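Common to both upcoming complexes is chain A, partnered first by chain B, then by chain C.
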Partner chain A sequence: MRAYRALARATARSALTYRLNLLLGLGTVFVQLVALLAVWRVILAQSSVNGFTWPQMRVYLLVAFAAGTVVSAFGDFRMAFRILDGDVALDLVKPVDYQKARFAETIGGLWIEVLLIGVVVGVTLAVTGGVRTPAGPALALFVVSMLLLVPLKFLIVYGSTLLCFWTQNFIGVQWARLAVMNLLSGALIPLAYLPGWLATVAQWSPFAGLTSTPALIFLGRVDVRHGLTLVAVQLGWVLLLWFGARLMWRAGLRRLTVNGG
Partner chain B sequence: MPIVEARALTKVFRRPDKGPGLAGSVKHLFARRFQDKVAVDHIDLSIEAGEAVAYVGPNGAGKSTTVKLLSGILVPTEGEVRIDGLHPQRDRMTVAHRIGVLFGQRTQLWWDLPVRESLAVLRDLYGVDHATYRKRLARFDEVLELGEILPVIGRKLSLGQRMRADLAAALIHGPRVVYLDEPTIGLDLAVKDRVREFFRSIRDEGTTVMLTSHDLADIEGFCRRLVIIDEGRIIFDGDLEAVKDRFARERILHVETARPVPLETLRASLPGAQVTVEESEVRYAVRFDRFIMTAGQAVTALAGLTDLVDFRVDEPSIEDVIRRVYSGELVLDETGPRR
Partner chain C sequence: MRTARLYLRLLGAHFRALLEYEADFLILALATVLMQVVNLVFLAALFARVPVLNGWTFWSMVLMFGTVTLAEGVGSLFFEGMWNLAWQINRGELDYFLVRPYPVALQSSSAAVGINGLSNIVVGGLMIGTGLAHVDVVWTPWRVALGVLLLISSVVIKLSISLATNAASFWLSSPTPLFAFAMHQVGDLARFPLSIYPMALKAVLGVALPFAFISFFPVAYLLDTGQSRWVGLLTPLVAAYCAGTAAFIFKRGLRRYESAGN
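Right, the complex of A and B next:
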């Protein structure tokens, strides 16, 4: 445990180095959020669409923003670079499990992301008015769902980064992942807006757990029983991906060549 | 039982055989063709605990690949590796505690953290207790002078500083075996000397060291065993001194005499040696085989002829010998005992 705590701490500290980048990033996401809010406000000004009213959409976008910011700033670039460059060789001679080590690093970077979410959500609420938090059980379920989102997103990012062993290229993989993630998670638009069959696929995919699930639970658009099912799906994917990623890692290692010294 | 053991160790790299440019890449997608490169070719090697081994060979010989195989980073195409009897992939965690690896061109320091914190993370990774950690750090500091670099952020280190910090990083957990792959690459002479002194100090503490270098000055005075690899094959494995004895028997005595002496006179008094005039007519070079005469005998013979002002004996370095092996000028016919 001490080893993984140390790794988490190391990332937590290095994160400070990038505070300027993060500040710039903060500006960008803030502008993005404001733009999305403005657009939906116009669309939903007259009447609700697919059952979403403007006040609901505002909350949805805020939750989506929070969910999108968690596990987004650290790890994947560094890990991909280390695989492509061969520095992963040095990770292999450490007495830690590679996957757990990367997860620990992700956890280490969380604090700065949470801080960022706090600031942006706080400012937005101050400007556009507060939100109604759901009742006890739904709130608890929301919290669980947000917590599950951390390993879930980590595993999706981690698994796709492992593809670098095969593709020898990270940017393509990252773009593909972002496209799929944005569409199927409900980060761009709620899944209810997708064509029926696609919405169904998305709902059962691991991606729904990245935005849609916590957002729907928070909004009360699903009752607690349905919410439990969605969270169970999240949990199921976390377990499945955790072991799936291990298989991938093992297969990837056999392909590892590490050019140069 | 040897601490490092490799049997018939082989690594074949498959390189895509692609035409140039995008067209080549697209064509490769449909007609996949590969070129096999045998980087390490059926190597047998065993290293006893406490041994210091120099692993040398020209660029591209397969040294780094061997190190990666011996540390479990790469999976062998054929053959196997045992570290302390353990399988480096199957027992990765246990093996990791017992080995330390340094790749001269890579760093294991955290780029954004001061060296002190990087080392502390490694301490926790390996579960080293604080007292031991402090003791080790203090000992490394004696030779590597870490003090001045501990507060420096990883990415701000100069190459020499980085290498010193990386050496400490590779050894902070007290590994039983260390592989040092090109640990002096790119360093200036002063740092090289310090780093070489460090190698000797860890060797003297009983750590098994495998030192890979193309800078042969690194191995002089460091180890007794020499392994030479060329094109993936071990072409020599034996005693370093024995190589020197056999192939570096020539000595050169440089003398300066008080007065010029005719060459014929000198040659007559030194049968079996070659005498030549050097830059001035009172300086001579005497080449002799040290098994035929000693430097003392040569000096005595000359002193009987004239007054000597100064003299100096040069021995060829192991560097010269190995360079002759690389160039094919010298063939080391028998590999030493395969322990």
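Right, the complex of A and C next:
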């Protein structure tokens, strides 16, 4: 446990040292927030669309921003390059579990990300007006959903980075992952706007838990009972992906070739 | 002429190297196509519920996204090396460029090929093509010529902003083009009609970093959409101004260059 705590602290320190890189990595998410806020402000100025009003859409986009911000201190780039150039061999001899170690690093950077989210959410709400928080049970469910979001996003990023054992190319895999995540999580546009079949696929995919589920619960667009189902789906995916990633890691190691010594 | 021929030869060397990695090319191509498909699904889903956004319809938005995609594609395929400038400065690699009888900026920008640019050019071209087929513009020879001129100007503006922001590395001396990348991200705001943004952002995207002239203003002029359409006619002038400024900044930066030593 001490080793994992040390890893977590090290990530936070490195994130603070390279803070410009961290902020820049969040640039895309932030730009998307600004652009979509502007788009929906114009569209929803006249009337609500699909049952979304402007105050609701604002909250929705802020949840999407928060979801896009967490887990960004996790060095998926570093992990990918260590796999690609063989440095991962050094990780293999360390007496810690690889997946747990990477998860510890993710947790380590979390508090910095939460601070950033707090600033952006605070400023946005100060500029565009307050927000109505849901009643107790829904709020509790929202918090649980946001907490589950962290391991869920970590596992999706981690799993797609493990693909480097097979593809020898990281950028392409990362771009594809970002595009799919953006659409199927509902971060780009709420799933209710997508064509029926695509919305259904997205709803049951692991990605819905990355924005749609917590946002809909917060907005009260799903009742608590339906919300419980959605959170259960989130939890199911976390468990499935956790063990799935372990299988992938084992299969990937068998393909690993490291030259030189 | 000789400059252009040599440029293609310089690029060709990197291109041949890339062809060795077929799977890489396929993954990058698929990923970029997927990104554009997601953009289109987003636009389609949005405009299925709302007919217009400040006077912009689905197809005119596709046209705008297509122009940006094409301009970025040309940048990646032919001028990707610009994004290595920070690294080249930091490592002192410009020493080699400076002793060769060929423009330094062109040697730098030809130092890499972004093969994903190829798929972006194709997809961007398709988006522009289908977009144009679905909007009613009366095409006269003069209008076609103007359209081509505007498109070329858009690409020049995109390239100039990339060169100018990357040339900032001469002053910033970081090994990665953080500043240029941040500005590129800001430019993504200009995928949407400028009229939806508050005044400060309009000033940034229209004047300080004229990303809005890559797609918004020229397309607005061509399709006769929104207010102050005539601004689109300024696009070639803005392109000339951007190219001049970028060349000036690069030249001033190059004067500051000091080798990394041996």
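To be clear about the criterion, the second predicted complex is superposed on the first by the 247 of 261 C-alpha atoms of A that agree within 3 Å, B and C clash if a C-alpha of one lies under 4 Å from a C-alpha of the other, contacts with A are read in each partner's own complex, and residues count from 1 in each chain.
Going forward, contacts are C-beta pairs under 8 Å (C-beta built on N, C-alpha and C of every residue); 3 or more make two chains touch, one makes a residue touch a chain.
Just so it is clear, the model here is predicted, and its values are computed rather than measured.
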I'd like to know which partner A:R13 touches here: chain B for first, chain C for second, both or neither. first
Who touches more of chain A, chain B or chain C? C
Per the contact definition in the header, classify A:G27: touching chain B only (first), chain C only (second), both, or neither. second
If we overlay the two complexes on their shared chain A, which of chain B and chain C does A:R2 touch? Say first, second, both or neither. first
Check the residue A:G86 against both partner chains and state whether it touches chain B (first), chain C (second), both, or neither. first
Go through the superposed model and pick first if A:I189 touches only chain B, second if only chain C, both, or neither. second
Which partner does A:P95 contact after superposing on A: first (chain B), second (chain C), both, neither? first
Once the shared chain is lined up, is A:L253 touching chain B (first), chain C (second), both, or neither of them? first
Have a look at where A:P137 lands relative to chain B and chain C in the superposition and call it first, second, both or neither. neither
Find the residues of chain A that appear in the contact set with chain B and again in the contact set with chain C. none
Can you list the residues on chain A that touch chain B in the complex? 2-3, 5-7, 9-10, 13-14, 17-18, 86-87, 89-90, 92-97, 253-254, 256-258, 260-261
Can you list the chain B residues touching chain A in their complex? 13, 64, 68, 71-75, 89, 92-94, 96-97, 99, 101, 103-106, 108, 110-113, 117-118, 120-121, 123-127, 181-182, 185
Write out the stretch or stretches of chain A touching chain C in their complex. 20-21, 24, 27-28, 31-32, 34-35, 38-39, 41-43, 49-50, 167-169, 171-173, 175-176, 178-180, 182-183, 188-189, 193-195, 198
Chain A partner, complex, touching residues on chain C are 21, 23-24, 27-28, 30-32, 34-35, 37-38, 41-42, 45-46, 48-50, 53-54, 116, 176, 178, 181-182, 185-186, 188-189, 191-192, 196-198, 201
